[in-house]
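Dropping a structure here in structure tokens format, bear with me for questions.
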Amino acid sequence: MTDRFDVVTLGEAMIRLSPPNHQRLEQANSLDVVIGGAELSVAVGAARLGLSSSWVTKLPKNALGRRILNQAREQSVDVSRVIWTADGRAGLYFLEAGAAPRPSSVLYDRKNSAASKLAPGEVDWRFLKGVRVLHTTGITPALSESCREATVEAIEAAKKAGCKVCFDVNYRSKLWSPKEAEAVLTPIVKMVDVLIASDAATIWGVEGEPEQVLRELKKRFGIPVVAMTVREDSGVLRTRLSSIAIADKRYKGTKVYDVEVVDRLGVGDSFAAGLIYGYLRGDMQTALDYGDAMAAYKTSIPGDVNYATKEEIDQLVESGENLRIQR
Amino acid sequence: MTDRFDVVTLGEAMIRLSPPNHQRLEQANSLDVVIGGAELSVAVGAARLGLSSSWVTKLPKNALGRRILNQAREQSVDVSRVIWTADGRAGLYFLEAGAAPRPSSVLYDRKNSAASKLAPGEVDWRFLKGVRVLHTTGITPALSESCREATVEAIEAAKKAGCKVCFDVNYRSKLWSPKEAEAVLTPIVKMVDVLIASDAATIWGVEGEPEQVLRELKKRFGIPVVAMTVREDSGVLRTRLSSIAIADKRYKGTKVYDVEVVDRLGVGDSFAAGLIYGYLRGDMQTALDYGDAMAAYKTSIPGDVNYATKEEIDQLVESGENLRIQR
Amino acid sequence: MTDRFDVVTLGEAMIRLSPPNHQRLEQANSLDVVIGGAELSVAVGAARLGLSSSWVTKLPKNALGRRILNQAREQSVDVSRVIWTADGRAGLYFLEAGAAPRPSSVLYDRKNSAASKLAPGEVDWRFLKGVRVLHTTGITPALSESCREATVEAIEAAKKAGCKVCFDVNYRSKLWSPKEAEAVLTPIVKMVDVLIASDAATIWGVEGEPEQVLRELKKRFGIPVVAMTVREDSGVLRTRLSSIAIADKRYKGTKVYDVEVVDRLGVGDSFAAGLIYGYLRGDMQTALDYGDAMAAYKTSIPGDVNYATKEEIDQLVESGENLRIQR
Amino acid sequence: MTDRFDVVTLGEAMIRLSPPNHQRLEQANSLDVVIGGAELSVAVGAARLGLSSSWVTKLPKNALGRRILNQAREQSVDVSRVIWTADGRAGLYFLEAGAAPRPSSVLYDRKNSAASKLAPGEVDWRFLKGVRVLHTTGITPALSESCREATVEAIEAAKKAGCKVCFDVNYRSKLWSPKEAEAVLTPIVKMVDVLIASDAATIWGVEGEPEQVLRELKKRFGIPVVAMTVREDSGVLRTRLSSIAIADKRYKGTKVYDVEVVDRLGVGDSFAAGLIYGYLRGDMQTALDYGDAMAAYKTSIPGDVNYATKEEIDQLVESGENLRIQR
Amino acid sequence: MTDRFDVVTLGEAMIRLSPPNHQRLEQANSLDVVIGGAELSVAVGAARLGLSSSWVTKLPKNALGRRILNQAREQSVDVSRVIWTADGRAGLYFLEAGAAPRPSSVLYDRKNSAASKLAPGEVDWRFLKGVRVLHTTGITPALSESCREATVEAIEAAKKAGCKVCFDVNYRSKLWSPKEAEAVLTPIVKMVDVLIASDAATIWGVEGEPEQVLRELKKRFGIPVVAMTVREDSGVLRTRLSSIAIADKRYKGTKVYDVEVVDRLGVGDSFAAGLIYGYLRGDMQTALDYGDAMAAYKTSIPGDVNYATKEEIDQLVESGENLRIQR
Amino acid sequence: MTDRFDVVTLGEAMIRLSPPNHQRLEQANSLDVVIGGAELSVAVGAARLGLSSSWVTKLPKNALGRRILNQAREQSVDVSRVIWTADGRAGLYFLEAGAAPRPSSVLYDRKNSAASKLAPGEVDWRFLKGVRVLHTTGITPALSESCREATVEAIEAAKKAGCKVCFDVNYRSKLWSPKEAEAVLTPIVKMVDVLIASDAATIWGVEGEPEQVLRELKKRFGIPVVAMTVREDSGVLRTRLSSIAIADKRYKGTKVYDVEVVDRLGVGDSFAAGLIYGYLRGDMQTALDYGDAMAAYKTSIPGDVNYATKEEIDQLVESGENLRIQR
């Protein structure tokens, strides 16, 4: 195995605990356990599409840290750059799956996590030499001061190494305010090659239709590629998914997916993985189409991890949906 | 703690047993257990909205009786007036959750329950002095002859104590016929201050649109406030909820909720709790809006008990729905 | 008990293993177990409607064979003609329940099953004397060479005994190609009295609207009765069901059911059971209406077996849907 | 199928509801469902050993009645003599599985069950002609006055038909007092051919070692065969099982089983089934050895029903225990 | 309801998360949820024995805080003195249930919990006036500096109010070292009226048999009553429980319980609750006997909370064990 | 990562399906899924102890094949040499967990598995150059003729490459007879460096105490190291574990573990992993002690995979058992 990964991602993964059967957390007597975290999900998504990927994070030396690691390894994500620490904790989040009019909701319990203590200087980023894409999201710098610095360090190292940078804004209102996010993310997005801007409007106060928002962001920050998923929710359990991007020209996802929602988490990360897949093939239309197909497929699968196969995604992109039972 | 409760409710709560995952009872190998009962649900709903509430019933001295009591206490409902009995049984009901074209269905096994043996003279109703609302439903007098008498006794005591009486018709065709119900309920509804008449048309043979039904009932029985939920089902798993009332004038719920159904039980009781909340604030528009919001929220929560928080209901009433995941 | 059954069916039943909660097989840590098999499901469906039925198959002498047998016996299906074998295995299939855009999908693991080793000469088909209908499907001859011969043997014996033959095409693309199916099934369908042709178009390359397909098949093969279910899927979890038939004249199902899908398996078999029920009453309109009601009801029930009661189906046919909770 | 069954049993079967994982009923959020009832368990046990058996009872016409029936049919027990009633209920019992020092405990909720309403004249007992053994237990006459009479009616019919009568005392302190039991059972036991007297000492105040108790009962009531299981509990989860009998001479079970308890219910009924099996082969040593093996095997199986195979019991009796994993 | 509680306890309760079926945390896909915390368990145990109890703690204002509160209220524990905070988190602990040679093991995740931020001055301890016993444990001062001070504040207030102080050493090696514990606990134990010293030897380096340890502690710190449970483990799933105390004279538990372990957590707290019950009746023999019975019963019940009834404990103390199934 | 693994193992892994809670397969409504296979378990065990390991097998290209692969990758076992095939199936086995007197039992359904089709020439065994130990078991050659040849091919390649060969007899009576096993295994064991001979007596008809058996096998086949686990079962749920070996001299495990059995599967493989660990450290006493500790720990963990950590095993070996809860 080589270090010249197609994709390297940086960020936290957490133990996700969710009450079964649409229960509220207050009434739960058992919680389902999966592993969730935006950047790990992208690394897994990329691996499912046949790319080689590596994930960089900091994990606590205990059973929960091992549980998280197992999920990454299971999906063939390289973990050789993971840092272990004796005193941090595993970040947790509790997910309540809603139904209209009750939205799904996340209760974070991730303060003082091992990952939030990641600091500049801990990772030798020279290994990005030969890597094709570094991906991270707006969650990582939201975790802590040291994470902010580590994120900038990583992106600067990528630029130096000739590695493209993909960045998903991923605004989390429970972690910071739009204002805080703006201050931290503005210098970052100026460095990125691909920006996924689904939540960008809130932060930079850009108004208008998706296309306008993207055009404005592209212009304001000088970003080569900006993309965005477009959702129309007709309930918590039913949504329509598509996407657009502005690069050399405007692109739109070929299909709009009418999706029956099993699990909303990790959908944006599946979009990112598909987008990177197409971007690395040098074709933005493919990027959106794989992004949309990955996102739509993920929505039908419980957990944050996208257990779609490349064959399934290829077929969805090429032949479109077939909802009849396969037998 | 004082005895001057905002709300006192009277009625039976049962062990509810339901097969998971839309199974039929005939094929079930395990049954989920929750506690259900209209008047307990109203007491809980009121408590969730910040009112003080007490629940009056009769329970069997065994593990099932304790199980029921625990549910009430857990939700801060006062149980100091509960009567214990050595020989009755806990009422049970089996719930099959349907999917179109199969309706959800209840199999009652509540005959000879401890609650059905509640008799006049067992509760010292003078404690209603200072209580603001007594709530009960058409189920209580349907349980037995002695329950009929106890219901009348309670309502008369309330009138005497200056406590308002709220009554939900709650017609149950598996307990009695419309004719039996009419004979028993007619003298009762003439005494009430607030009538929830969602199932009234069947009993009193009043035809027409909801508004007409309410106007007719108000007039016929001289009731100060009559209200009703309005549902349009587009399946077993999808429904639209709203409400109307006639008091000093006609009121309509501000919103119509398009609801993804997780559990249909206890929805009317959540409406009643919200209605009482607004009624006690002296505002019928608030009454309907809290009733509708409580009902819609409940539909998204498994079990009979409404685990909504007051903050969530306030927000739903004030800002309307936001179906995006909260994180 | 007599041997003069209303219905005898011939075919394989399998252990069905499915991950709960829309999980993918790759991520499952437990699998739900039910018994599935087209012809057993028809025998059960017939029994639920009050017909006497017997099921012919070959089962392995082990716990899994007993598990399958138990399901048949539980539903009052006669198993006195079941053949036991010491060395075969129980056929299995893994079912993934999908959600749009991911279809439900079956992974068969049924090769070398005991049932696939059923051979001509093993069953003394003279017991069909006095039986009213023999039912089998296109799956049985797809299992093996010997099963093909056994199927033909059974059908010929039925013809000789004056027993009507009902045959459901049930094309399974994971078992054989349309071409293989055509070669085997063409001589078979020429012998049948009732053909359920829902999947026939693929095999015989007949194009057009359902009615045209049925007319063409009827004419081409000289079949007295041809019928077909008609589905419109608006997702994996929502579908519309109806049916048509051509016999002495054209028939259409009286209702179109808008169905919330709990489990898509066994739906066609429930249609077949209802169809046979009506056919034996000599009324094709009843046949379609019971077929549709059985199919729609089944879709709301987990597992392959239709736990509807005859009373429920009678009521659905006679009074139509009532989606309000029954209590 | 003939009516000349090897064994006919008479009695109630109930829905058994038990909290998983040693939970107490008061804390349970789900309940496991199995079917339990002494006489049904004996009919099943006999069928598992290859005897033909039929079970006589009265069931309510609802989903719970069908659930109970399914269990009997699944195990090949004839149900053609079962009586259906429109207004009774299904008997229930709640089982808490204990661990030392907390004993397992049953909460009965079986009053007014359909079975308790079985009355003389409802069953045409002439069908016992040709039947080899009628089995019932002290539970049936404890259910109600009419059940007492029906029990006597059945036993007298058996005597007349030349059918042997096997009776298990099965004293249940939660149903009646020793004194009541004595009054009712004394005339009954005088008619029986085989008495299983494991709980007899309490009722008739017979003291001493098992052998003395049996000798005394045999003499006092003139019973041809009296038998008894002998247990030594070293905890709730560990017990030692054996048995003795007095017939033409004294018999002792060949082995003492050191048993790891999975489920204590139905163990005595498995003993009875094994005993009847040997008794019908005319060999009391075989009777005790099959009784003990069936009882010991049952203890290792969850639920009331004994899913042992005849091959397993034969091997246990013939070769003794082999605790190594079989692979 | 009055404020003159029999028992007031002070300390943290946590969400306990444990993998089912002896799984390791690293392999778990779901976690069972119960509420655990030494001082809450004592308040509940006291309430189960008929004493009035109140629990003082600090809880976070979120679903997990409510979940914890619900457990207390469910068991009739007064929560009127609970302090709510907007920014703390709910303490968690992960429990792995072992089997020899693998011990059960706890992974704490309780740092920065709301409870750990409890500080002196937040509770108006004058409400201890009229309270009979204040109970807390060595865990509370181990949580934080401010908790140490709050503990001392509470104990001093109790002394002033004439309220007896019961203190359980409860040494937790994962929270602090013996040395740290000694420094903090030494001044505390000098104030207490009843010391439960099961883990005291480690802290104060007192060696020898239980009786010697107790005598030494009593003398060294001048404590009126010192008590201790005595365990002999013959595995993780089997243990023997008894106790001794030194007060006016030496006491020993009347029985030694041979216990089949379902759940080891909360056992010491059940002992404490029983001890307090007897202590308040003024009888140290009763104190030990109720302590032992409560402890032994608890071991058979899953979760931290002791769902024994007073009747069961009375009977165990008075009549001893009866391991036969109760029916 | 390098190819110079400490351990390479060769063999099949299967989907293991087991009914929960000691149910029998015949009564199961769900099955727990884990991955099991002797040689994979050894590779995992070695990895848990810090060795680098690789697993060679043949897997079917479907969801079940991926499920198996995921388990290996999750545990850091290299899978770069795994062969994928389009037409084989995943081997399955059904496990019933017993309780005395019912032994645990395996029902294999592994015929025609992908792994059984592994043939010589498919793996380029030159990669064993630099590998320290090749481990396989008597199961692999029992699978098929081609597997026999592939096994011999691998062992011969190992000898050539200077890689030590460890072989576990692992006799499976459900796969072949002792006679067949003897014919195939005799030439194999003559080549091995370390033989684990726990089941050898049956095959080669060697009688006597473990030590005698080992001495005889060592002499007869000229094997440098022969070892064996020694078990005494006092039930299905309780066993005592130890081991002996003959190398340069006789060794005995330092401790005898009294084990509470959670899961008996994979215990021998954990012994093998520990043995290899010590063997590679050049110390047979360490080999037995780590083998025993790994085996004992595994018995307490559900599933085939040993989720012990190296720290836990080190501590067990060095300090012995501590059964008190760790907190």
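A few comments on the model shown:
By written order: A, B, C, D, E and F. Residues from 1 in each chain.
The rule is short, and it goes like this: a contact is a pair of C-beta atoms (placed from the backbone, for glycine too) under 8 Å apart; a residue touches a chain by one contact, two chains touch by 3 or more.
Source: prediction; values computed, not measured.
Chains that touch both chain C and chain E are the following: A, B, D, F.
Chain copies chain E and chain F are related through a rotation whose angle, from the C-alpha fit, is 120° to the nearest 5.
Relative to chain C, the chain whose mean Cα position lies farthest away is E.
Should one ask which of B-E and D-F has more C-beta pairs in contact, the pair is D-F. Placing every chain at the mean of its C-alpha atoms, the farthest one from chain D is found to be A. For C-F, the equivalent interface among the listed pairs A-B, E-F or A-E is A-E, as over half of the contact pairs agree by residue number. Centroids of chain C and chain D (each the mean of its C-alpha atoms) stand 40 Å apart. Averaged C-alpha coordinates put the centre of chain A at 44 Å from the centre of chain C. Chain contacts: chain A has residues 20, 24, 26-27, 29, 66, 70 touching two or more partner chains.
Taken together, the touching pairs give a contact graph of some other shape, not a line, ring, star or complete one. Applying the touch definition to all chain combinations yields A-B, A-C, A-E, A-F, B-C, B-D, B-E, C-D, C-F, D-E, D-F, E-F. Those residues of chain E that touch chain D in the complex are listed here as 20, 257-262, 293, 296-297, 299-303, 305, 307-308, 312, 316, 321-327.
Across the complex, chain D is touched by residues 1, 66, 70-71, 73-76, 80, 309 of chain C.
Interface residues of chain A facing chain E in the complex, by the touch rule stated above, are 17, 20, 24-34, 62-64, 66-67, 70, 89-90, 92, 94, 96, 107, 109, 111-112.
Touching chain D in their complex are the following residues of chain F: 21-24, 26-27, 98-106, 108, 172-174, 233, 235-237, 264-265.
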